[in-house]
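By written order: A, B, C and D. Residues from 1 in each chain.
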Amino acid sequence: MLSNFFDPGSAPMFIKFITTGGTIDKIYFDDLSQFEVGESQMQHILAEGLVGFEFEIVPLMHKDSLEVDDNDRKLLHDYIEKDAASLFVITHGTDSMAQTAEALRDLEGRTIVLTGALTPARFRTTDAMFNIGMAVAAAQTAKPGVYIAMSGQVFEAGTVQKNRAENRFETA
Amino acid sequence: MLSNFFDPGSAPMFIKFITTGGTIDKIYFDDLSQFEVGESQMQHILAEGLVGFEFEIVPLMHKDSLEVDDNDRKLLHDYIEKDAASLFVITHGTDSMAQTAEALRDLEGRTIVLTGALTPARFRTTDAMFNIGMAVAAAQTAKPGVYIAMSGQVFEAGTVQKNRAENRFETA
Amino acid sequence: MLSNFFDPGSAPMFIKFITTGGTIDKIYFDDLSQFEVGESQMQHILAEGLVGFEFEIVPLMHKDSLEVDDNDRKLLHDYIEKDAASLFVITHGTDSMAQTAEALRDLEGRTIVLTGALTPARFRTTDAMFNIGMAVAAAQTAKPGVYIAMSGQVFEAGTVQKNRAENRFETA
Amino acid sequence: MLSNFFDPGSAPMFIKFITTGGTIDKIYFDDLSQFEVGESQMQHILAEGLVGFEFEIVPLMHKDSLEVDDNDRKLLHDYIEKDAASLFVITHGTDSMAQTAEALRDLEGRTIVLTGALTPARFRTTDAMFNIGMAVAAAQTAKPGVYIAMSGQVFEAGTVQKNRAENRFETA
């Protein structure tokens, strides 16, 4: 069977959420301040989504997408490799999400879904809720592998890029 | 292959959305009025989700969950059976969503995901965006079949019930 | 001087908020429930408004506008009469707000502003925040008297009515 | 009579809105962009407030509070001086709002209320709606003069300052 679809007869579903920063968690202070990465909005989003499964949220980094480097990717890779969970949702800045997804492709036996937002979760109109919903569903219905859930689509790592001019994710 | 996972080399992904009413589309007028099912919020939700795939929204009914009867289920069943799409997301009232899902189980070769909301989409805090995000991801990543995406989980039709006392969906 | 405009040299401004129910505090449960008056949203609205003055919120009733009768109006009248505050903001259902305002007109030496909402405060799009902001400003800038702050306007009690067909307040 | 309180027997109330930029109209693009002043949210706020009076919105500048200089203040002063309206609401960045208010104090026969927001209007939680509501009420109930409506209070120009450490407006 190629799918790791949640088996209702098995143990309760558990998803490990790892937050790394990015637009989804951007906050704004005032005229003298920059727009900065703030505390993760994940807890609020899952509460609003009225989720009934078990989960844990790990804030691993607070970085803008463009500040994420290979050391950060190794840190993330090692964290997942040593973790007992099999379902992961990772929030990440959008500009380097595709590269981070590729850096995780060798991790086997896990379903890893990266997502984020093109507009901060604290905005009144934002793709954050929709994208986290997609990632949560993809984590439990897609077969093991690494995916990006953005722009209403679930892409396999290595097949996707951000089209900056159009501000959307598309097949690479 | 058991999965109909979206193949980036194939034709653009297309999802047919069918709205039938329920809490997700509830609106409120004023002290003299009842809370009624209004126009579908689907268009707004997909716009906010910044989706990049092709879709069509069909408002088939405007019914409270408890008003949906076997004739309505037959109407929905026949609509899907005659439709050329292979991916369907159906919004439905929560109190009879499980029964409608079961009534569609004999439809083969399609991935059909039912969802809705426990709080109207027009509310400031609502599970609607999260649930539609889940349904859109499940439609493209789960193998053909009939599913319910609610309470943060993607359940197979026939294995799920609404726990009214706890106001959540759970394994039956 | 006809105005009781807040004097920066005097004691800190204090506003007494009295909530009586109405659309502003309407909540929605589910398909089997009615839309009901819930806990007051006033605390949340004042927090979001980042107000810096002193206040107290008194939930005096939880009634639909159409359920408010002369006994309720006497209760409200007596409460204000015995209270030491001089600035009052009262939230009230819209369909009988004008009558309640008239019933308070003999109370002298106080600035009393009634307001509410045509759409529940819990909705994503609602006039509740705007109206409470208006009422708070009118309470501190208008001369003593009884007012209704709705539809972007501050009307004196006795000069205003709700136009139900147009769903707005206007000069009577 | 010291008050210019809206007289229901007179011509319909008209408010001239002038937007100059500031946090209230801040928008966010993406990781490579700065947080910038965008199009005014005033139209949306007044629509959500369900206002029933006549108004016009003039976008005079798109400036951060700290970029507003004496030339800008002269431009604003001259605009108001030549305008036929008697009620003005001006949105402005918060860090120099008090100075701009003082620069308008010699304008007689008009009620001018400056306001803005400590959090962008596009945020899910924002003081923008509340503050515009306050400004609209103050414009029609306060006697002619120049005011700042922020932090739940209506201050007279020359008596108010922003306390940056506490992120609120208070008596100077």
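Going forward, contacts are C-beta pairs under 8 Å (C-beta built on N, C-alpha and C of every residue); 3 or more make two chains touch, one makes a residue touch a chain.
As the structure is a prediction and not an experimental result, all values here were calculated from the model.
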**Complete:** Most remote chain w.r.t. Subunit B, using mean C-alpha positions, is D
**Complete:** The distance between the C-alpha centres of subunit A and subunit D, rounded to whole Å, is 39
**Complete:** For the pair subunit A and subunit B, the C-alpha centroid-to-centroid distance in angstrom is 24
**Message:** From the mean C-alpha coordinate of subunit A to that of subunit C, what's the distance rounded to whole Å?
**Reply:** 44
**Message:** Can you pull out the residues of subunit B that are in contact with at least two other chains?
**Reply:** 118-119, 124-126, 167
**Asked** Which two-chain combinations qualify as touching?
**Response** A-B, A-D, B-C, C-D
**In the complex with subunit A, residue positions of subunit D that touch it** = 22-23, 26, 28, 30-32, 34-35, 64-66, 93-95, 118-120, 122-126, 164, 167
**Request:** Under the touch definition given earlier, write down the residues of subunit B that touch subunit A in their complex.
**Result:** 1-3, 5-6, 8, 13, 45-46, 48-53, 118-119, 125-127, 129-138, 140-143, 149, 151-156, 159, 167-171
